[in-house]
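Look for chain A in each of the two complexes below; its partner is chain B in the first and chain C in the second.
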Partner chain A sequence: MTTLVTLPVLLPILGAALTVIGSRSARLQRLVGIVVLAAVSVVAAVLLVAADRTGPVVVELGGWPAPVGIVLVADRLSALLLLISTLVTLAVLVYAIDQRITDYGRDTASTTFHPIFLLLSTGVSLAYLTGDLFNLFVAFEIMLFASYVLITRRTSASRIRSGMTYVIISLTSSLLFLSTIALVYAATGTVNLADLATRVAALPPGLQTVLALMTVVTFGIKAAIVPLHFWLPDSYPNAPAPVTALFAGLLTKVGIYALLRTQTLIFPQVGPSTVLLVIATLTMIVGALGALAQNDLNRLLSFLLVSHIGFMLFGLAVFDARGAGGTALYVVHHITVQATLFLVSGLITRRTGTVSIDQMGGLAQRAPFLAILFAIPALTLAGIPPTSGFVAKLALLQAGADGGPFTRIVAGVVILASLLTLYAMVRVWIRVFWGTAREPLPDADPADELVVGTAATSRPMYAATSGLIVISLTIAAAAGPLSAVTGRAGTDLMDRLPYTTAVLR
Partner chain B sequence: MNTINLGMAVVLAVLYSVGFYLLLQRSLMRILIGIVVLGHGANLMLQLAGGPPARAPILGTAPPELFADPLPQALALTAIVITFAMTTYLLALGYRSWVLVGHDEVQDDVEDRRIAERERPEGSMADDTAATGTDDEEDPGSAAASAEPAGTGVAQ
Partner chain C sequence: MSTDHHRTPSWDDWDYPEGEWMLSGECPVRTNRTLMLEMAARVLFPTVLVFSVYLLIVGHYAPGGGFSGGLVAGLAFVLRYIAGGDAEGAAIGSRIRLRPPLLVGIGLLLAVLAAFAPVAFGNPVLSSAMLSVDVPVLGHVDLVSSLILDVGVYLLIIGVVLDLLRSLGSAIERDEREARR
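For the complex of A and B:
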């Protein structure tokens, strides 16, 4: 059982090596990518069941016991997020293969896309599983370097600008992370998360606050919390749709996961955190209002992403078991729905030839299936019952209602931000799907690999998007058992003992 | 908890401030140097986190209580490799930018500027330029912002 924990990291990185070796055959690359991700999904599901039944599954790498060696830990939260992330990655890969951005034309394989895609998956898996702060840094670097390549791969003159912004912001946050690790090590003499949980508590309160704030800033840049979000709506929309979907679905959520893990395990506190509540409020409002001003569909979705990061932060800021559980459930829901929306946006752009909303119209008549594909995740994101968004928001609101007067006010902001999300989505619906039908614009850049402005779209792209919608609907249908699991995960996070005793036997 | 000597603290302060100053420049080459300097600062801090200089941690050469802490050195080694990768990647990106657009300037969010221009209330200072509809409103900080067509709204 314990060796299973290494597989979500080992399989993708070995798969990446295999796709480099087999870079002459596009078919082999596709096969390796899909098989590896499917296998990791199965492993993650097994880990989730095991962690839920018998507690965290821990493996000591190289046989060195913690806190000397590096441990990989799959507890309820990590296994759940690993499962949903890998499923989303798999769907995005199918979409990307069918959109033909993974290789040159039909048959000529590319040496970059598949290996880098699998490396990104490696980094994400390692970030979820690692029980070591420095190893978390390495995981972030694997993930981010893969994302740098994906966002600037075969870039054009108009897109390189946003790629540069993204790379520089990410590098800065990486160096801040490194500085944080140095400070943590200087203060405590360990980088093992479970060991830090006990040692940081012995530090003077001022030093604890400094370290906690450094981690909030570091992970806050990656998670795009306001006021550290400016880079996101600028950079994400400029990548191809599947890449944007992957980034929006996974990368920011890994930042949220790291925040959730470090704040609850290393810097626990009693009662709601005022600082985090204020940041969460700002993030929700700024993101939602920013979305209303946008004309570019992808930028609009990016601002909504920022807004919903605030929802997850709110659950953490409440700082009790229900809040943490609510955040876990919200992350699961949001990874799925945000990736779906960006994939649908890619389909819309393929059909209309543009991303600017005021050049679209009447798409409901021309492409009714596409309209359904947009409507379901849009309503899910806004949190209309009975979708998964409603279930996740309900968990957050319940936590907020119990937290005290201030959290009740912020819970009101959650409702307001949900209404603004709904408003933004309705505006998109009216302007894109209703009205007089417009002819698709011609492909602005026929030379590149992205085909836009065509009605011809093969089935796998639709199938991948529909698959994600099915996952999202399953989350809503299985809301009872799933919220029970995330509730137990929240209790674990606040209790801390299940994690620390499993690691430091 | 370890304490560090004043000299090293000053060196760290200089490295971090120079690094962040260079990060705030427009040219990617300066930013690259800034990231390299910042990386040196972070690596030096990792080294200092292990405590004062001591004997090499090889069993049999000295009693264990005289050993230096080897872990921060291992961490710094990993971090140095990662900073090296960052440097090469940024160099490649700068070269690509130079090939594609003829400069390596890091520019502002063009679409954001356009929306801010559009949403500006009537009668304000910039009303003249907004009314004439100059979509490629140039950012004073970036001489090359007009090198690409702004406000087309088509990114793909």
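For the complex of A and C:
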């Protein structure tokens, strides 16, 4: 059973090795990628059931016990996020493979795309499962290095420029992370998360605050919370649709997961955190207002992503079991819906030849199915009942209502930001899908990876997008059991004992 | 090739790479070759490779291991590339008859399999076993199973360095030549 915990990390590496060796056979690469991600999904589901029934599943690598050895831990939160992330990655892979087939007329083998894609999945899995701070850093690095390749490969000079923003910001945050780990290790003599939970509590309060703030800034850059969000709308929208979908869906959420894990486990506090509540409010409002000012569809979605990062931060800032559980549920919902929206945006761009909302119009007449594909995740993001967005927001609002007067005010901001999201989505809907139909614009930059305006889309691309929508609807349908699991996950996070006793036997 | 390569070099630009990233082996001006470096590279190449294998093996107890061993072996190829340039780079590829990505893939595969292997014997992932033997000439030798993982890392790193030489070395030289044409 414990060996299973290593599979989500090792299987994608194995897949990456096989796809490099078989880099002349596109069919083999495709098969390996899909089989590996499907297998990891199954493993994640098994781990989730096991963690929910019998508590965290812990594996000690090489048989060395914690806190000296390295442990991988699958508790309710990490197994759940692992499951949803892998499912989304699988859908995005299907979309990406088929986009390549459609663009090049045949399936092309590549020594970079498949291995790097699987390594990105390795990094994400390791970030969720790792039980020590330094391996969290390693996981982020695997993830980021893979993302540097994906965001800059086969692209034009202007997009490389915006990719460089992303690379430099990420390197800065990695440097900060490494310094934080050094400080934590110097102060406590350990990097094991469960061990840190007791040792940090013995440090002077000032030092605790400094370390907590450093982790918040580090993960805040990765999660794109205001005012550390500025890089995101400049870099994400310029990548090909599947890459943007994957980054928007997963990478920022891994930052939120790291925040949730470290703040609850290592730096716990009693009652709502005023600093985090203020940051969450700013993030929600700045993101939503930023979205209203955009004319580029992908930039608009990126600002909405920033806004909704604020929602997740709000759940954490309440600092009780309900808030943490609400954040977990919101992350699950948001990974799915944000990836879906970027994939749909890719499909729209292929139809219209542009990302500029002004130059679209009447798409509902030419592509009615695409209109439905956009409408469902748009309403989900805004949180209209009975979608998963509504369920997740309800969990956050309940937590906010119980937290005290200040959290109640911020809960009001959540509703306001939701309304702004709805407004932004309705504007997109009216200007893109209603009105007189326009002819698609020609591809402005035929040399790069982004092929647009050809209307050439194949069934699997629609199938992958629809699959994500089905997952999103399933989250809404299974809201009862799912929110029960995230509720228990929230209780675990606040209780801390299930995690620490499982690791430090 | 551009015409300025065919002019007679003056005595002070013999050692001077003109515009190219590195001095190419197929450089038409014989006097532009750095014979000292080429000879040194030929002498050092096998020595450095042997040293890299030494680093790989002692890595369990002493400084070294698959990563540093692989880097040192990679540097041996870098030295040949600097001395001989593009043609030497192509010769490296044809001599070992492996595409660098293949080397990376095999190394990665070996490392992952070495991580999984203990599970077959009922041990945790990544755990290692040791075999102590007394060999007539070498004396007491400890063979650790994690050496297999290190060999994987060693191959991977060599593959990465060769791939860098290919993509950032000879490919850039080729692009520059084509741009000049």
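Throughout what follows, the second predicted complex is superposed on the first by the 494 of 505 C-alpha atoms of A that agree within 3 Å, B and C clash if a C-alpha of one lies under 4 Å from a C-alpha of the other, contacts with A are read in each partner's own complex, and residues count from 1 in each chain.
By our rule, a contact is a pair of C-beta atoms (placed from the backbone, for glycine too) under 8 Å apart; a residue touches a chain by one contact, two chains touch by 3 or more.
Given the structure is predicted, the values throughout are model-derived calculations rather than measurements.
Of the two partner chains, neither chain B nor chain C is touched by A:491.
When the shared chain is aligned, chain C comes close enough to touch A:20, but chain B does not. Once the two complexes are laid over each other on the shared chain, residue contacts for A:59 go to chain C alone; chain B is not touched.
Residue contacts after overlaying the shared chain place A:178 against chain B, while chain C stays out of touching range. When both complexes are overlaid on chain A, the residue A:198 reaches neither chain B nor chain C. Within the superposed three-chain model, A:398 lies out of touch with both chain B and chain C [touch as defined at top].
Taking chain A as the reference, the larger set of touched residues comes from B, when chain B and chain C are compared. When both complexes are overlaid on chain A, the residue A:240 reaches chain B alone and has no touch with chain C. Using the contact criterion defined above for the overlaid structures, shared-chain residue A:111 touches chain C, although it does not reach chain B.
Residue ranges of chain B in contact with chain A, taken from their complex: 1-2, 4, 16, 19, 23, 28, 31, 35, 38-39, 41-43, 45-46, 48-50, 69, 71-72, 75, 78-79, 82, 85-86, 89-90, 93, 96-97, 100-101, 106-107, 109-112, 115, 119, 148-149, 152-156.
Of all the residues in chain A, the ones that touch chain B in their complex are 134, 137-138, 141, 145, 148, 152, 155-165, 167-168, 171-172, 174-175, 178-179, 181-183, 185-189, 191, 203, 230, 233-234, 237-238, 240-241, 293-296, 298-299, 349, 354-356, 358-359, 441, 444, 450, 452.
On the side of chain A, the complex with chain C involves touching residues 2-3, 6, 10, 13-14, 16-23, 59-63, 111, 115.
Of all the residues in chain C, the ones that touch chain A in their complex are 101-102, 104-106, 108-109, 112-113, 115-116, 119, 123-128.
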